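What follows is a pair of complexes built around chain A, which joins chain B in one and chain C in the other.
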Partner chain A sequence: MEIKEKYLNDIVILILSGELDAGTSIFLDEKIEKFIESGYIKFVFGFEQLDYISSAGLGVFISHLDDVNNKDGFFRFFGLQDKIKNVFSLLGFDLLVSIYTSENQALEG
Partner chain B sequence: MTKKLLLRPYISELPQFRLALKEFLSIVLTDSVQINQIILAIEEACSNNINYGDRPENYEEIEVFISFEKNKLVADIKDNSAPFKIDASICCSMLDKIIKKDKGGLGLTLINKIMDSVETFERGDYYICRMTKVLK
Partner chain C sequence: MILYKKNTFYFWLGFVSWLLFSIYNYIFGTNALHSIAFRYHEFLADVLFVLFIFTNFLYLQKSIYKYDKLDINEHFLYVNVTGIIGLAFLLALQVIRLMFGNSLPFSIEYDQAKDSFFWYFIVHFLGYAYFFFRRLSLYQRTKKRLDLWKGMEILLGACLVIAFENAGFMFEIYLKYILGISALLISVFISFSVDWIAYLNTKQKLNALISVTLFLLIGLAFLYISDLKIQWLKGKLLYDEILFSDYFFIGVIGNFVIIYGIISLLILVFNLPTSSLFEQRSDEIFSFQRINQTIRNTEDKQSALNALMDAALLSANTSFGWIENYSDKKEDRNSSLTIRNLKEEEAMNFTKDYNLSEMVLNENKFYQILDLKKDNSFKLIKTRFKSLLVVPIQTSGLKIGALFLLSEVSESFTDRTLLTLMALCEQTAVALENKSLLKESLDLERYKVQLTIAREIQDGLLPKIFPQSNAITFSAKALYAEEVGGDYYDIITLGKESYRVCIGDVSGKGTQAAFIMAEMKGIFHALARTEFPLPEIMSRANEAVLDCLGKGTFITFILIDILIKENKVSLCRAGHCPPLLYKSLTYTVTPLIQKGIGLGIASKNDFEKNLTIESYPFEVGDHILLYTDGIVEARNHNNEEFGYERLSDWFLKNQANQDTTAEKLLSDILNWTQKQVPEDDFSVLSIKRTS
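Moving on to the complex of A and B:
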């Protein structure tokens, strides 16, 4: 898995590609953790090139979402492939986060 | 039509295993969402075995048998390690999990949402997790 990062004002944009599973999720977890420790609370995740997500990958978002929400921050997602959207939906995660079609829409909120 | 796949019990082996699973499932199934669901359910079950199984020192590879019977897919995961209780019921809503930062049980929830039946039983020295899904 590859994670590219960009910034727009106080928003961190993380573009994920490849597969987010039990082996790779630790890298994303550490990255988000460091951003939160540095004071970032607004995150936009690009999933257009993300081909797979397992429970371990979703667990990363679940473990940080409440902290971010409590600080008036957000997790927004864009560009989910149908199969990834389906995994979000199986767990009901799609009802608790904001999902957008494009990066611009996600940034606008 | 049955396929046997072997998985060395390490998380690092999962990407290659998923690739082999996808290759086989794509022969029979065409819906990419359904293929992904089945790969996910099988991988989650194997991950549970790898992470939580009481694996003996002289471990063996996890054997996964996938077969298509009429309109049904049957996946048997055969392991010499006692499996995590994969058919255990899971509590808590997703919202509760987020508030409690509780990542536990997500894999089992996915398996139970994707598959139509999940059972575990012993056969000789091995444990079998059998999952079935009716294909539409």
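Moving on to the complex of A and C:
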């Protein structure tokens, strides 16, 4: 899985491509942690190129969500493929985070 | 002594036979008291002679072959002692004659006694030596040698038979010549079977040398004392004497024994100088064995390296060296434990500024400096040593270290030595690697056993027996991707015709999920029998999960109350796959989708805010299917997912099943995926309303 980073003011934009499974989710976890330590608490994730997400991948977002929310930050997602949207919806995760169709929409909020 | 114990029967048989023979000759022989010539007296004399020889040879043969272990020294000792005793007897008789000079009383008895004793001892001396040398020559039993011996034994048998006839006709003489010469030739051929000499060490060779020399001297002494010498002095041909007398058989035996003795002596002498080298080689072979044994018996690598060091020094004919242990970090490389006969500072001369051990390990080849004084890199070092050798100790999978050897002589290490040292090092490395692989595999076995136990325990956490009722039939089955997994379901009876059912899926799989699954069971059982309404139970479960589990872990969960009397079910869904409801009235299958976040994700407020409880009519003929996401996500070889649609279709077709529903779904899924083992955990629980 590849992660591309972009910044807009105090928002970190991470574009994921490939698969987020047990192995690759560790990288993502470390990255998010480093960002949070550096003071970034506003995240936008681009899922257009993401084909698959496992429970470990979901776990990464779940484990940091509370922290980010408490610091008045957010996790936002855009460009989810149908399957992944379904996963988020079944789990009820979409009730805790915001899902958008495009990057701009996600940035605007 | 090993030989004097048994065979007393045969010994006395031989002895009595000798007595008979002696007494008969005393009475009826040529020097006899009375020359009683009765008709067959010569024939009887021959019979007794042959009997005497035969019985004593039988006894001697049994003595030699009694024991499996061939103790060369003991056998030589016995034969030489026999010879010396015989000589002593004969010498005593000689002394008696000398004492009496010409006027010897009982001269007939004297001659007879001398003759008799001579025969007894010469037969025992030569006979024992014959069987002893026969056994030596068959140290390595080959067909060729056994055939030669068969030939020899036939010849000897013929010689013995000929002893019956002393008539002197021409045929007999030619026959004796042929037999004699054939026996001589066979003796020579047999005498080159002296490979027993090769297996002796230097000390043993010296002992054998002394024994054989003594043996030959004793034999010479017997020859001197016997009548043959007297005849020889008279100028007659010795060989003729043997041919024409009773001495023929014993002469042939004596021939073999002397030839074998002389050739053994020569070969012993010629082998002595090189015997130390031979010993060294066989010590090397034992070194290999000792290294293997050390590695087998001790837990620590250091003992093996010590054994290797000892063997290497022996092989290389030097006393100086060490083994540098391999480590990725140069600082951790250690030589002090195996260093021999030199100080660490001396060794440092060769390791401080050079990376020889790494070099030989990387190139997997030894490194040698024939003359340190002439080598550009080393000539400036102040050292007493003149040559250096470094050999890698490694296998393709494991680097152990490097062996360093120093010698005070230049060009000290021969090609042969290099080959042996490389073999020793490789042997040690392989044995150490095998030992660690064995340990790994034993550890693996232990883990497997643990896992099997875990599986059994987890199996016990899932219900096998379901509540029995006319109104309702349950069926449930789980299949884990690994030995243990994270799926959970349970059924408890709340009251008459009222049940609480749950199904849950811990994120992840394997051991971690299994532990959490067990915790979930605890949480469910603690909460399910309380009076709290469903949403409250779910919220408390969410809190328990938030408390117990690590941050990224969550559990999807469904809790469903089945109320038969009210013909309905109440359902809360926390992030889990929606259950399928079959209504017999409309012959349709519907997924029951409700809002609800998985357990362990949201805080209490967010969770409660987003949880819903719904009720659905549940009538006779209706069927509910609970399952985990492994089922819908199962993929076949075309990488297609089974999916919700296919599942719904399947349920529609198969909803009539009652207690076999779960089993059938699992087996149909496995058939569809064409895989033996699921990639994710599968679980199914179905509830059929029967009346």
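In this text, the second predicted complex is superposed on the first by the 109 of 109 C-alpha atoms of A that agree within 3 Å, B and C clash if a C-alpha of one lies under 4 Å from a C-alpha of the other, contacts with A are read in each partner's own complex, and residues count from 1 in each chain.
The rule is short, and it goes like this: a contact is a pair of C-beta atoms (placed from the backbone, for glycine too) under 8 Å apart; a residue touches a chain by one contact, two chains touch by 3 or more.
The structure displayed is predicted, hence computed values, not measured ones.
Visitor: So which one touches more of the residues on chain A, chain B or chain C?
Guide: Of chain B and chain C, the partner in contact with more residues of chain A is B.
Visitor: Looking at the overlay, does A:52 come into contact with chain B only (first), chain C only (second), both, or neither?
Guide: So A:52 only meets chain B here.
Visitor: Kindly classify A:27 by the partners it touches after superposition: chain B alone (first), chain C alone (second), both, or neither?
Guide: Touch status of A:27: no partner.
Visitor: Does the superposition put A:19 against chain B (first), chain C (second), both, or neither?
Guide: The first partner, chain B, only.
Visitor: Looking at the overlay, does A:74 come into contact with chain B only (first), chain C only (second), both, or neither?
Guide: neither
Visitor: Could you look at A:66 and tell me whether it touches chain B, chain C, both or neither (first, second, both, neither)?
Guide: The answer is both, since A:66 touches chain B and chain C.
Visitor: Which partner does A:100 contact after superposing on A: first (chain B), second (chain C), both, neither?
Guide: neither
Visitor: Check whether A:40 is in contact with chain B, with chain C, with both or with neither, and answer first, second, both or neither.
Guide: neither
Visitor: For chain A, which residues lie in the overlap of the chain B contacts and the chain C contacts?
Guide: Touching chain B in the first complex and chain C in the second, residues 22, 55-56, 58-59, 62-63, 65-66, 90-93, 95-96 of chain A appear in both lists.
Visitor: Contact residues on chain B for chain A in the complex?
Guide: For chain B paired with chain A, touching residues are 11-12, 14-15, 18, 32-33, 35-37, 39-40, 43-44, 47, 51, 93-95, 97-99, 101-103, 106-107, 109-110, 113-114.
Visitor: Quick one: in the complex, what on chain A touches chain B?
Guide: Spelled out, the residues of chain A in touch with chain B are 19, 21-23, 52, 54-56, 58-59, 62-63, 65-66, 82-83, 86-87, 90-93, 95-96.
Visitor: In the complex of these two chains, what residues of chain C are touching chain A?
Guide: Checking each residue of chain C against chain A gives 507-508, 550-554, 556, 574-578, 595-598, 600-603, 606, 610.
Visitor: Under the definition above, what is the set of chain A residues touching chain C in their complex?
Guide: Going by the criterion above, the answer is residues 22, 29, 55-56, 58-60, 62-66, 90-93, 95-96.
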